[in-house]
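As structure tokens, here come the structures.
You will see two complexes here that share chain A, one where it goes with chain B and one where it goes with chain C.
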Partner chain A sequence: MKHYTATYWAFFKTSLLEQFQYRAAMAIWMISRILEPIIYLTVWTTVAQARGGSVGSYSPADFAAYYIVLMLVNQFTFSWVMHIYDFRIRQGELSNFLLKPIHPIHADIAENIAYKVLTAIIIFPTALLLFFLFDPNLAFHIQTFAVFLLALGIAFLMRFFIEWTLALVAFWTTRNEAINQMYFTLGLFLSGRIAPIDLLPGAIQTLADALPFRWAVAFPVELMLGRLSQEQILNGFTMQAVWLLAGFLLIQLTWRLGVKKYSAVGS
Partner chain B sequence: MYYLKLIWTFFRIGILNEMAYRVNFYVQLLQSILSLGTAIAGLAIVFSHTDTLGGWQAVDILALLGVFMFVGGVIGMVINPSMSQLMDDVLRGIFDYTLTKPCDAQFLASISQIRVWRLTDILLGAGVLIAALIYRGLDIGPHEALAFAFVLCTGGSIIYSFWLMLATLTFWFLRIENILHIFQSMYEAGRWPIGIYPHWLRYILTFLVPVAFAITVPAEALSGRLTPESMITSGLLCVFLLAFSRWFWKRGLKNYSGASA
Partner chain C sequence: MSNIPDITVQNLGKTYEVPQREPGLGAAIKSLVSRTTRDVEAVKNISFSVAPGEIVGFLGPNGAGKTTTLKMLSGLLHPTAGEISVIGHTPYARHKNFLNRITLVMGQRNQLMWDIPVADSFERNRAIYRISHGEYNKTLDELSTLLDLSDLLSKPVRNLSLGERMKCEIAAALLHRPQVLFLDEPTIGLDVTMQRRIRAFLGEYNRRHSATVLLTSHYMADVEALCKRVIIIHHGELLFDGDLSALIERFSPHKTIVVDLETERADLSSYGEVITAEGNSVTLRVPKTKTADVTGKLLANLPVIDLTVEDPPIEEVIEQVFSN
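And now, the complex of A and B:
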């Protein structure tokens, strides 16, 4: 355990320093993750106003709260491994990771956390600004917040496992763009980014229940907003646990099979 | 005539380049269809809860989506790759070769890279636009069609000038390829009518990153809500930005001294 803490700390520090050099680029790449919730917040607010005040159980102030929290949850749980892994494999860069006496996922997790710590400097002031601009209906209860943090932590790991598995598909395809875009498209609808899940048609809601997207993003958001009953919260944590375990097993399997298939291209 | 021939030559080079990677065509086609499907599904979800959005009917927003894809395709096919290439050339000093050619350097730099497969976006965008118009019963007259063509051209030129100015900054600050990404991110906001956004965002999308003139204004022309004011503004801004970006480009060139060598 102590060994892991030291390794993570080392990875974390290196990534932090490395990424700090690209701070301007980092801020620019965040624009779309900030703009997207604002776009859909505006669209749904406009719809609510046209309907005389609300859509389903959401008033404009509820939409504001939903999308501001969603922006934060998405920022803290997203990863980019699947966009760089095919490059790592094509260029033979993966060989460096294989030589280290530790599973390569740890370096990626530490790098991701370093990025999130750095970008917190941008995302929190942005959230605060949106808070004043859109006047959300968001009450703060310390218990809810504690449970929310737990859900957010599981969501982060679960999403990381699943996206890392997806990245490993590059062992077989060497180009992942098309698969990544399909994953992105599904996530857009099923994780509650285009609309809160309650507002989607019934069939899509059923699909959202079964797949991991909803439990990685929409569930922590709705939890924070206090929209879920005790039963729904328990159900959410169960689904998170199931997908966390599934993701963990999938990584073990694909990694083992993939590395066997890998023959360093290049260098 | 000479310039048209040059465009055609670069287009042919683009085709030849892409022919080496034919799988890319299917990847691009799949991506274009996916993003179209996503957009239409998104529209369907929004319009399952309402009949109008900020005064726009579903079919008008569909036409807007067509313009969004069409203009996005043009940017992705020529403007974005050429401007990225320009920044890269300046960084590596290869831009010298462009300057020594017996042709206007701005023109050459603007068409140097053509990603022909992005034609799928242009064609799908045009298809969506036409489908929306047919669904409405082809109710646009020659005046509206002309106005649409006019504001689409001026809007496109505004976008081009804007990109050129961003890319020209490279003559002063070498490593700023990420600046182009600002536009790409903001462009997404154009898939909905600009009028629904809060006024601060509307201001940004109109004057700082002029998405409004390239997408919303042409779509307004098709649904008969184009005001003479926005038509005139679009025309004047187009002339001004074309001239200003040209001047800015010349200033930038004076600053270029060849990086390597």
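And now, the complex of A and C:
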């Protein structure tokens, strides 16, 4: 464990250094990541006002709270591994990882965390600014916040595991983009980004319950907003645990099969 | 030196399944329905072993199967036939104890992070290989001195020249003090000075640490300077395994005789094949078996000032090997 901490620390430091080289690119990416929730927030606030003040159980202040927290949750749980893995495999860069006595996922997790720490400098002030602009209906309870942090931590890991598995599909297809696009679109609907899930039709809600997206994004958001009953919270954590385990097992399996394929055909 | 070899390869083979397709759109559509593949044997039934501390040159033309073999030895590729044991491990199992004790340097690939200073990439390897700070500083000191890295460590990799980068790549690959080094074209694309530098370093590293080295290179100077023994493969098959001198002995049926004469322009074509004739100096190629005979006649019949008998250049011998 101590060894892993030291290795993670080294990965973290070098990733931070590397990403610091791409400040401008990072800022541009951040703009789109911030704009997305603001656009949906504006749309839904307009709809709510046109409908006489609310949509379902959401008032404009509820939407504001929802999208500000969602922006933070999505920022802290997203990953980009599936966009780079086919490059790693095609260019043979993966060979460098395979020659090292450590599983390559550790470097990716550390890199992701480094990015999140670096972008926190932008995302927190933005959230604060939105807080004053949109006057969200958000009460702070220390207990809720503690449970939220736990849900956020699990969400990060389960999402990372699932997306890393998705990245490994590149072992079998040379271009991953089509699959990534499908994952992105599904996620837009089913993780609660385009609209809070309880505003979606029943059939889509059932689908959202069965897939991981909701548990990785919408669940921590709704939890923080105090919109969930104790039973729903328990159910949410159960689903997170299931997907965390499923993601973990999927990685083992896909990685083993993928490396077997890679070592059969080379890069 | 122990008697147990560091590397043992028995009847090693690697067959790739390559999709086969005729050119053209029609063939492309057809390939959607029925995909035909063709087996390509990259490595065929190769056996050899390398003792601890030995430096072996692994030679062959492009596409001979050298890189495929090195990748199998370092665990990146799974063989389709035969057995490999490297320091007691089966490479493709990629056991941590195995990976901790080997390294693979590919002249055309890099592992250093492009945008950050070299020292930071090194630090990353230190953490991956779990090298203690004391050990790391010692190794880095040694490598810095031998490869003259001190000015480079603080520079980002992207600001380095190809030669500087290669020195850093090699150092990065050796920070964990591997027992076995697989080097695939470590001097490719480098100028003569840098080639010599890296060559000298590898020799010194091998002497200091008794590391086992398997090296491929297209530069015969690398091979002559470093390798007493060479393994030659061609079309995936092993053609020769033995001392460099034995290779020349076996594959070169000729010797080169250089004669300096007192008089100019003597026609020596009756003694052997004249390769060059410049001024008073004539170079002859004669069958090895006739060397003594021709030398005797030259000395007896001509006003010879100086005469030397040489082996042909190693490049020529290798060419001879591949043309057979």
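Throughout what follows, the second predicted complex is superposed on the first by the 262 of 267 C-alpha atoms of A that agree within 3 Å, B and C clash if a C-alpha of one lies under 4 Å from a C-alpha of the other, contacts with A are read in each partner's own complex, and residues count from 1 in each chain.
Heads up, the rule we're going with is that contacts are C-beta pairs under 8 Å (C-beta built on N, C-alpha and C of every residue); 3 or more make two chains touch, one makes a residue touch a chain.
Note that the coordinates shown come from a computational prediction; the quantities given were computed from them, not determined experimentally.
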item	value
Clash or fit, chain B versus chain C on superposed chain A	fit
Partner chain in contact with A:L98 - chain B first, chain C second, else both or neither	second
First, second, both or neither for A:E18, with chain B first and chain C second	second
Once both complexes are placed on the shared chain, angle at chain A toward chain B and chain C, C-alpha, multiple of 10 degrees	90
First (chain B), second (chain C), both or neither touched by A:I194	first
Contacts of A:Q181 with chain B and chain C, given as first, second, both or neither	first
Contacts of A:H3 with chain B and chain C, given as first, second, both or neither	second
Partner chain(s) touched by A:L133 [first = chain B, second = chain C, both, neither]	first
Touching partner for A:L257 - first (chain B), second (chain C), both, neither	neither
Between chain B and chain C, more extensive residue contact with chain A	B
Which of chain B and chain C A:T42 touches, first, second, both or neither	first
Gap in Å between nearest CA atoms once chain C and chain B share a frame through chain A	10
Touching residues on chain B, where the partner in the complex is chain A	23, 27, 30-31, 34-35, 37-38, 41-42, 45-46, 48-54, 178-179, 181-182, 184-186, 188-189, 192, 196-198, 200-201
Footprint of chain A on chain C - complex, ascending	16-17, 68, 71, 74-78, 92, 94, 96, 99-100, 102-104, 106, 109, 111, 113, 115-117, 120-121, 123-124, 126-130
Chain A residues touching chain B - in the complex, by the definition given at the top	24-25, 28-29, 31-32, 35-36, 38-39, 42-44, 46-47, 50-51, 55-56, 133, 175, 177-178, 181-182, 185, 188-189, 194-195, 199-201
Contact set on chain A toward chain C in their complex	3, 6-7, 9-11, 13-14, 17-18, 21-22, 92, 95-96, 98-102, 260, 263-266
